[in-house]
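Chains: A, B, C, D and E, in written order; residue numbering restarts at 1 for each.
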Amino acid sequence: MTTKLQTENLTKVFGRPSKQVWRMLKEGVAKDEILKRTGCTVGVNNVSFKVNKGEVFVIMGLSGSGKSTLIRCLNLLTKPTAGKVFVDGENILEYSREELRRLRQNKMAMVFQHFGLFTHMSVQNNVEYGLAVKGIPREEREKKAQQALEAVGLGGWQDMLPGQLSGGMQQRVGLARALANDPDILLMDEPFSSLDPLIRRDMQMELLELQDRLQKTIVFITHDINEAFKMGDRVAVMKDGIIEQTGTPEEILANPASDYIRDFVQDVDRSRVLQAKDIMFTPDALLSRKSGLKMAIREMQLHGISSVFVIGSGRKLLGLITIDDAVSALKDNKTVDDILKDDYFTTGPEIYVNELIPLAKDTRYPIAVVDENERLLGIIVRASVISAFVG
Amino acid sequence: MTTKLQTENLTKVFGRPSKQVWRMLKEGVAKDEILKRTGCTVGVNNVSFKVNKGEVFVIMGLSGSGKSTLIRCLNLLTKPTAGKVFVDGENILEYSREELRRLRQNKMAMVFQHFGLFTHMSVQNNVEYGLAVKGIPREEREKKAQQALEAVGLGGWQDMLPGQLSGGMQQRVGLARALANDPDILLMDEPFSSLDPLIRRDMQMELLELQDRLQKTIVFITHDINEAFKMGDRVAVMKDGIIEQTGTPEEILANPASDYIRDFVQDVDRSRVLQAKDIMFTPDALLSRKSGLKMAIREMQLHGISSVFVIGSGRKLLGLITIDDAVSALKDNKTVDDILKDDYFTTGPEIYVNELIPLAKDTRYPIAVVDENERLLGIIVRASVISAFVG
Amino acid sequence: MFPEQITLELGKYVNDFIYWLNNNYGMVFDVICNGVRWLLLNIEWMLLLMPWWFLIALVFILGWRLKSLLSGVVFAVMLFIIGAFGLWEPTMSTLAIVLTAVFFSLLIGIPLGIYMSSRDSVALVLKPILDAMQTLPSFVYLIPAVILFNMGKVPGVFATMIYALPPIIRLTNLGLRRVSQEMVEAAQSFGSSSWQLLFRIKLPQALPTIMTGVNQTTMMALAMVVIAAMIGAGGIGHVVVTSINRIDIAGGTESGLAVVFLAIIIDRLTQGLGDRFNANLS
Amino acid sequence: MFPEQITLELGKYVNDFIYWLNNNYGMVFDVICNGVRWLLLNIEWMLLLMPWWFLIALVFILGWRLKSLLSGVVFAVMLFIIGAFGLWEPTMSTLAIVLTAVFFSLLIGIPLGIYMSSRDSVALVLKPILDAMQTLPSFVYLIPAVILFNMGKVPGVFATMIYALPPIIRLTNLGLRRVSQEMVEAAQSFGSSSWQLLFRIKLPQALPTIMTGVNQTTMMALAMVVIAAMIGAGGIGHVVVTSINRIDIAGGTESGLAVVFLAIIIDRLTQGLGDRFNANLS
Amino acid sequence: GGDELVLADAGWDSIQIHNGIASFIIENGYGYETRVLSGSTAMTFTSLREGSIDIYMETWQGNLKDSYDEGIESGDILELSVNYDDSRQGYYVPTFVIEGDPERGIEPMAPDLRRVDQLHDYWELFEDPEDPGRGRIVGSPPGWEVDLIMKGKVEGYGLEEHYNYFSPGSDTALATALVGAYEKGEPIVAYHWEPSWVMGMYDFTFLEEDGFDQGKWADGYTCITPAMPVTVVVNAELPEKAPDVVAFLENYQTSTALTNYALSYMHEHDAGTDEAALWFLREYEELWSEWVPEEIAGKVREALAQ
């Protein structure tokens, strides 16, 4: 994996930071205190992270914690007070104006928190803007813009002025404008905040698919934890200008670094974060096909369970037998193969828990988690599905 | 319950609606079609609803479906093309300028989707604005503004200019500005859309408490379904300028009027909407204290269950017996009272399902739903908790 | 080119009208004059009462407080140079006329600009009038002015105002019309009266544009100094005219520069005041 | 008031400088003149070539297309009245001078305004110069101008430009500085070059303010018609001067009105063109 | 006395000198306060008719022909005397055009040029910068009566074949053009008049014409232009207000030469018009003593002595 985007000790202080401010920052004086004593606002404080090519890096955090400032530092719309920003290994702070311009034209596009639409241009021209700047010929430009507008569901609106659109439509114009430009890196500052759930879901899918297909690198700010965990390969949580924790959604859910983060993720819908593999467990009892019925009954009785999965060579899942069947089969001198049932559910290891809920509700047996070769990886019982909701 | 706010056949068409437009509206021609053929955009189409005093009325809907237009019609910032708006029974469209002014000063305040802060004023002065307009003396004004700022968590920021704040902070200034005014009716257009979950949760609580304590009437636009269902006494779902369905969150969840709405509420976290009473059922078997053990065992075997609740007079819940205990007690000549267990969970009927999840996970018995007099209302089994998630 | 048969003798009627006005309403014009004269003479009297070093010191302090130390110094030096040109007295006299004219221009112009911004119909009517005020050659109305108001400083003030009024009206109108609709709506949603909307939101938001209007009005007033002198307003304008008639480049330059310095000082101090005012508002 | 011992004779040096300039660089000025003269004479030649009804029809059509039918009619009637005043020929001559002056003013002024908005230091230097251009009494520079460039239409254009340039520079500067930072940043985030930012975002956003500048420049140019005539530029200004020297209110009013009508026609057509241009941009 | 009399200052030097002379006598001899009101010719003359100016010491009536005649006719103003009537006006060229200027290294350009009708041969010398291929004769400021005459001469002499009659727009521009051309050593032919400070300060040559002849005058003004009387005019109400001053002004008479002396005094001594007036009063005591009764003259002399 190649590092696409990286920051090193990035710091942004608004106002004229005096020596005193730097000293206070070093001493870890609180942001509020610094504001009160010096009048300088700390936007971003000594932030370092890496984003790999093709990764979605989500930034979350309290309102005013410096997310927008951080993302704006990445394309130098806000000039950092200190620190470095690397894109493809080059420190863009050392770029000449011309180099910076080319970087912004070709590699990065931004979706703004407040949309930043051009009020004097039609929707179409807004979306074409990035392409026009690059000197793409008109026809191609129009085609791409039209595609981007279709993608965000604003097909027939291209001739309107931004002021004539609703808030969410304006936001989507901003989105289309960035997408039309087809950049390597997408910087998205709360790009879906004004969207209703239906369109938002569409946009999320669209974006994930795009990212997957074209290996886009995306830095994504959102306040919706479910969105963060759904979209993000890794999530960073900011507080007072500092990144408090970075990790995969599961890591953060599993090991919140502080009470603040625990609190933060409280609302998360775990069933949309956790996958089958996260909640499955290795069954206490398993029956090899070669074992006899007696063995099966003993196993079940031993572990106080009423059914057991039967596996073949290489843990290939063959079926399930219940204790009742086993007992009567023993009487009737039948074999394991004779009473093998297949009315249980199987699932893949990466299926999200929320998709397992209907299965869990309908089944009387545990759910079997199998890989693509039908090998049994683990089982999921109802209780594990429920426990996914409480962590 | 008194009706505080009411609209009757409210319609807003942007552009100069010709006769043709009206005819097309009547014929139910689609909004897109009208736009294409006449250049007029339908904002709100023939909307009627009532909001009672002390109610939180939530409006949801696709981006561009007319929510903002509708809410702006309620204080006549947008002048409806047709229809009536009643506040406290008076049609405010017939108000003189002066009456309208007083209405806006005293009865209504609005939180804007795009904040609408005054860029030349400090945060403090922004928040004081509504009070200053009413002629509240300076000291009181300052105190109230300060309180409102504290309430939205912007205590120390009063001297900043809006442009120096982050998006979420700006949104909270807009919130504080409306709250400081202490109006009867709060019109809130996506007031929390830029807030992180922690602050958003605080704000929601704050608002609900305020509404509860002071019987505020709130019209609230949001895209967050969980927020809608959490905040709203009633929820209206808009599409293309029309209200497709109005109802309590439970009604909408239970009987979505169309596929569109079904789709819309798909993401809802039902566990936060549904309460114990929504998922409990009347147990198949119940044991009266006076019945003997034999009766108990027969009941359980009959219904294929392994435990049964025991009730006294007036359905008062006394305890639970298991089939195992019952069988051995019968042998030992014990009575029902002797084997009565109390290690099951009970819950109230209005407890949200998400709070039942930990119980459901830990218990081996059904959960008993009882009223304040310990009378058994119904039982909840694990499967019902899980099924709450799929509807 | 244009056929000679077609003629229109509008001018004659105007001529007759002016004389008719003068014969019948001469008194009215006298009353108007007296008001303006009172202010003008008092300003002039005060200016001439102040010792020169006092005024220089005053300008220095104002410049320093309202703008910067450097500005204060520059303004003081400019005023000193005017004195060194030997133009102190006529400059004070001109200053009195210009201040009076600017004062009345702003007094009339800002409200008119506000009114103009509030209704398109007003703008439609006012625009050609403003165009006429700015382009009708001043001599054309100066002769009627002399007939109606006689010669002197007061008609000088009027002539100056005719020319100095349009920019402040226009730019007040422009500034107010360009205030963001979002803020206006927010203010309305709180039931602001038109006054409150105007004073608390629109005017502060439009201030930079209005201040450009104030600048242009000041500039125009000072550009009229010479014209005013032609109807007997005296002051530096008179010195300029005399120098010009002698083709005295030296004298013309010095008196011209005095006007320019005055313009810069008045303008910068007004701008400083505007900024201060704006800062206090917010 | 101001002590008489303190004197400064700056004017003398200016005087000497002008004569020195003339003696040493007379040729340079001749070259500049020839360029302006060429444009001016061609415009005038074209205007006088057109039959009067053709020009009236042209103005009608332009007014109709760019503004409204009513505007077209009003403009045509105005032009007709000018003809009926017997002022067709001098009006065409003035039109040529004004168009030339406005053309060069915009050509120089808009870029300067842009430059001024881009750097505070430029603004700091330029502002007093603009103040001086607007307030230095025109004859103060006209005398050197006549010495350097002789009398006639070309120095008339220069004199007009000195006065007409400042508003367009100032208002271009103001308009550009007031463009919303948000849009500028959005444009920058796409790697716009300064040019693209300017032409696609800033100028269109500033257009209403710039158009007010164009209006003011036009007004100022027409306000200078008389002054220009005083150094031999001819045209309606000449008619005005003649009337004034004869104390002929009627003649003054008619020729003055002709200037006003010209102002209104030019201004409204320019505004209409600006709106059209803006609509096309978006 | 006690009344205030207002004198018109139309902005040129000679009127200011005459104002100085008259007001000195009025103030010190007759005991009236005086005030000078400055403005352009048109404005001051309008004011004279309207009554806010009482006395106009130097009225170039030819420049204001219609208005002047109207004023007299309607009885708004009274012509009291002719200040001087030996002024001269016509076409001038810088003398170096004819004689050259060895000091500045200027060769004679038209050594034979004497008369207006000879201009035919020299149009190339006076080329119009805005209309190459023709000559330029700079005429009178517009609106003056003499403008028609000067223009008429160009036609009368047939000069319009080679020349454009160029209107300078204002007397200032005219003077500037003359001075500028002189300083640059360039040829120019332009209308001007004497007495004026331009003619006093610079060496110009008056182009001769035939003696005055009614027939030639009627036929294109092809003869010398008669002198324009420069008069003392007062508002019609002055005789009531200050009859003694009217009597004095009725006697007021100087000459071009005398006025020119005062002007040259000014320029030579770098003096103001007030000083020039005082100088004049001292220098020409006999002259002004005749304008006033002896008693008054005594008072004035007394004041002069101080």
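FYI, contacts are C-beta pairs under 8 Å (C-beta built on N, C-alpha and C of every residue); 3 or more make two chains touch, one makes a residue touch a chain.
For clarity, every value in this text was computed on a predicted model and none was experimentally measured.
Looking at the partners of chain A and chain C together, the chains they share are B, D. Within the contact network of the assembly, the step distance from chain B to chain C comes to 1.
Of all the chains, the one whose CA centre sits at the greatest distance from that of chain C is A. In this structure chain A contacts its sequence twin chain B using mostly the same residue numbers, the overlap exceeding half. For chain D, the chain whose average C-alpha position is most distant is B.
Between the interfaces D-E and C-E, more contacting C-beta pairs are found at D-E.
Chain A and chain D have Cα centroids separated by 61 Å. Each chain gets a centre from the mean of its Cα atoms; for chain C and chain D, those two points are 21 Å apart. Chain geometry summary: the mean Cα position of chain A and that of chain B are 27 Å apart.
Averaged C-alpha coordinates put the centre of chain B at 95 Å from the centre of chain E. Annotation for chain E: residues 42, 46, 172, 176, 179 touch two or more other chains.
Among the residues of chain B, those in touch with two or more other chains are 114.
The residues of chain D that reach two or more other chains are 139, 143, 237, 241, 243-244, 247, listed in rising order.
Across the assembly, chains come into contact as A-B, A-D, B-C, C-D, C-E, D-E. By the touch criterion stated above, chain E contacts chain D in their complex at residues 41-42, 45-46, 63-67, 129-130, 138, 141-144, 147, 166-170, 172-173, 176-177, 179-180, 183-184. On the chain B side of its complex with chain C, the touching residues are 75, 77, 100-106, 108-110, 112, 114, 116-122, 125, 129-130, 132-134, 161, 181.
Residues 14, 32, 35-36, 41, 60-69, 113-114, 156, 164-169, 171-172, 190, 193-201, 223-226, 263-264, 266-267, 269, 271, 354, 357-358, 360-361, 382-383, 385-387, 389-390 of chain B are the ones touching chain A in the complex.
Those residues of chain E whose C-beta lies close enough to touch chain C in the complex are 11-13, 37-40, 42-44, 46-47, 50, 52-53, 171-172, 175-176, 179, 197-198. Every residue of chain C that touches chain E in the complex is listed here, in rising order: 139, 142-143, 146-147, 150-152, 229-232, 234, 238, 241-242, 244-247.
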